[in-house]
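Consider the two complexes below, in which chain A is the common component and chain B and chain C are the respective partners.
Then we have the complex of A and B:
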């Protein structure tokens, strides 16, 4: 942080039930090293108490404060103002796409949570499966295993950024497919049909926008490709075994 | 009387847990909050599932509450908790003086601890300060604040509780005899006014209880006390690392997902609705955190933030007790129909709810027992999938 102050304009998307949407400008003095969410919270506290937005943890663990900042999906609690704009500029802040707007910057992410539940995405997992570098402790090698919260914070940024999600409201979407992949191999048999379908793995056009905006190292794009490989491989084996079965008859 | 009804103001930890408790006791419950779930202090909680060891020496009532509730939450809501335990480490001679008292107090409070040599400590947590003199394991943990609250709210919803988020309290509705019989509020998503009536109104607004109670001419002895936390971009430890000494600034380093979070400070404020995160506090967290886990100095900062503790005002700052308190305003200011719950901490949310619901039932002459110790919570995701 510094003593430098910037004057910026936040151009915020406004929407109340049964009223047309519009953009409203708020002039605000900011420290360039504070976060976009801090500025939005100050607009609410000191300029307009009707502003609706979601936020909770303020350190990227809850996933509530996802918004589009100048058209790019950001977790606003860890996005510094310096990283997205400059002194004197206008910063456009809009709700996430591909979710219904509740009001202003808040969206209803019920569809994401429901689908994460459908694919049985884990919220906690043994640390040895977490694909991260952790302190190399002897404990890691015992049965007394560390558990940690998963990488995916269900913030919905990837769903908002995904061009394929925009084409079909029933598409499972990147976070959900990544959640299914993170459960590992073999794929849960009850989920194969759902994953191996038009609204599952095959709607993805490999744009990798999901991976670009993910604030939490999930890399959904890679996981979708990986899960496709698994499904193709499983289908191939099934076909092979079936054919072999017929030959034997 | 038909089904008893309650209106809860505030969808933070106490609000959602009280909704859960009362819904299980057969109440018709409505929860309102001007924001979404965990919009205030609860969402920004440090995330330490306290073993109670932090309070064992000075505040044994809190310590005992913590170890009991810690043990329960691990069973009731395992999908939001990193249950990896914690360490209290001594770095210097002054820490070591605290050792005897710490051992005795943890024993008194039935908090299981075991002492490790520096070598054993470094073997399980290689990134802690190599100069440590001694360490104790404690049954601490880490939780995801929003998801902990959502799990309570989801289970409350299954039992019929309704959540009206983005609905802001405006004022109380009084009967001819001056009792609170409901509230007026406004739906911030539509600017529509809403009138809610119930047998009991519960003020569960944490640090804001004083502001809400004022609308009924009531003073609540609350001292909102913010603290600053800083998140760093690498998971440097797997257990909660505490300083073996009296509670102070920056003496806890918590693992969470791929991060560690250092907290916290303690100061007083005027305006509750916006508290700036001051540089001096952030720098202090960096410095104090690095005393426990030196590599924090070389780790990128990921976020800096604050939360305002709702301390009951019978001491100042950290000397104030961390227990919770329910106020029956019939007894305090002769206003019936209204209770306030505040104080406490996230780890004890279920117990706070039990105390509040007991008070509500007793005021309404109901004799229904609390069952929340036995009811496991449903997935936090169901909060969004169950219709209101």
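Then we have the complex of A and C:
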């Protein structure tokens, strides 16, 4: 922290149930080395107690404070004010896209959590499964005793940033596909139909915005491409074996 | 005041695809691919209209085609060439990443391919305006 003080305007998205949305300006003095979440909390504490937003851990572990800061998805607890604005400027803060707004900056992320369960995404996994492209056959079983938390903190930034998720309500989304990929190679047979579908892997249009905004190094874009490679490879094998079977007949 | 928010996924959000604010390299490539695709599709219709002039006889067609020598029309044709080259090379990047090739270097792939596109477009520009 420094002794320097900046005066900034937080332009915050406001919406209450059944009311039209609008932006409200809050003038605030900040230390530029504070985080955006700190500024939002100060607005709530000293200017408007009706402001609603989600937060918990303040150290990028819970994934609750994801918002759009000047149009870019950020975890506000680790986004320094200095990195996104300057003294005297206006900083726009909006809720994540592609999730229904509960109130102001808080969104309902139930669809993400439900889909993560559908693809059996795990929150804890052996450390050997950390390598994205390593197939199960090459996992070192002796390392299974060392477990780790999954990188994905289910913050939803990737789904907010994804252009395909914006236009398709039934698309699984980057975090969910990455969760499915983290189950290992080969793909869980019960998930193949879901993943190899219009609303699965093939809805992704390779914008890689998910990877760009991910605060936790999950690299959903790379995982989606890895799943695609697996699916294409499996489908080629099936085709080859079918063709071979017919030839043998 | 705006209307009640529509913060949920919907095909109606398709215009958001073209908003470059906050987009990074992959997102800009995504926008470029869509803009060039729309341009090429619209050109297809213009092309069919031009060919349709053949139905009005050789004079009508020749008269229409003589307009094609106007610098503005040549510039328009250059835009079509540029759109085709950029769309095609961007498509190469998507094919490569889909097959797991260079996924972690997709930004670099984009810059290299667009560099190639720029060189080819410049060559086309020189040849078209000097023809």
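Basically, the second predicted complex is superposed on the first by the 235 of 249 C-alpha atoms of A that agree within 3 Å, B and C clash if a C-alpha of one lies under 4 Å from a C-alpha of the other, contacts with A are read in each partner's own complex, and residues count from 1 in each chain.
One rule holds in what follows: contacts are C-beta pairs under 8 Å (C-beta built on N, C-alpha and C of every residue); 3 or more make two chains touch, one makes a residue touch a chain.
The shown structure was predicted, so the numbers you read here are calculated from the model rather than taken from an experiment.
*Asks:* After lining both complexes up on chain A, report clash or fit for chain B versus chain C.
*Replies:* fit
*Asks:* Using C-alpha centres only, what angle sits at chain A with arms pointing to chain B and chain C? Round to the nearest 10 degrees.
*Replies:* 170
*Asks:* State whether chain B or chain C is in contact with more residues of chain A in the superposed arrangement.
*Replies:* So, of the two partners, B touches more residues of chain A.
*Asks:* Just to be sure I read the superposition right, which of the two partners does A:18 touch: chain B = first, chain C = second, or both, or neither?
*Replies:* So A:18 meets both chain B and chain C here.
*Asks:* Does the superposition put A:70 against chain B (first), chain C (second), both, or neither?
*Replies:* second
*Asks:* Mind working out whether A:26 is in touch with chain B, chain C, both or neither, as first, second, both or neither?
*Replies:* neither
*Asks:* Taking the superposition on A as described, I'd like to know which of chain B and chain C A:225 touches: first, second, both or neither.
*Replies:* second
*Asks:* State whether A:42 touches chain B only (first), chain C only (second), both chains, or neither.
*Replies:* first
*Asks:* How far apart, in Å, are the nearest Cα atoms of chain B and chain C after the overlay?
*Replies:* It is 13 Å, taken between the nearest C-alpha atoms.
*Asks:* Is there a shared patch on chain A that both chain B and chain C touch, and which residues make it up?
*Replies:* Residues 18 of chain A touch both chain B and chain C.
*Asks:* Hey, which residues of chain B end up touching chain A in the complex?
*Replies:* 35-39, 42-44, 47, 78-84, 123-127, 142, 144-147, 166, 187-192, 229, 231, 235-238, 255-259, 261, 271, 273-274, 277, 279, 282, 302-303, 305-306, 379-385
*Asks:* Sort out for me which residues of chain A touch chain C in the complex.
*Replies:* It is residues 15, 18-22, 68, 70-73, 95, 97-101, 107, 133, 161, 163, 165-169, 171, 205-209, 211-212, 219, 221-222, 225-226, 228-229, 232 of chain A that touch chain C.
*Asks:* How about chain A: which of its residues touch chain B in the complex?
*Replies:* Touch list, chain A to chain B: 1, 16-18, 34-35, 38, 41-42, 45-46, 50, 52, 54-64, 77-78, 102-103, 106, 108-110, 113-114, 116-117, 123-124, 127, 132, 134-139, 146-151, 153-154, 216-217.
*Asks:* Flag every residue of chain C that touches chain A in the complex, lowest number first.
*Replies:* Going through chain C, the ones touching chain A are 1-5, 7-11, 13-14, 16-17, 21-27, 29-30, 33, 93-94, 97-100, 103-104, 106-107.
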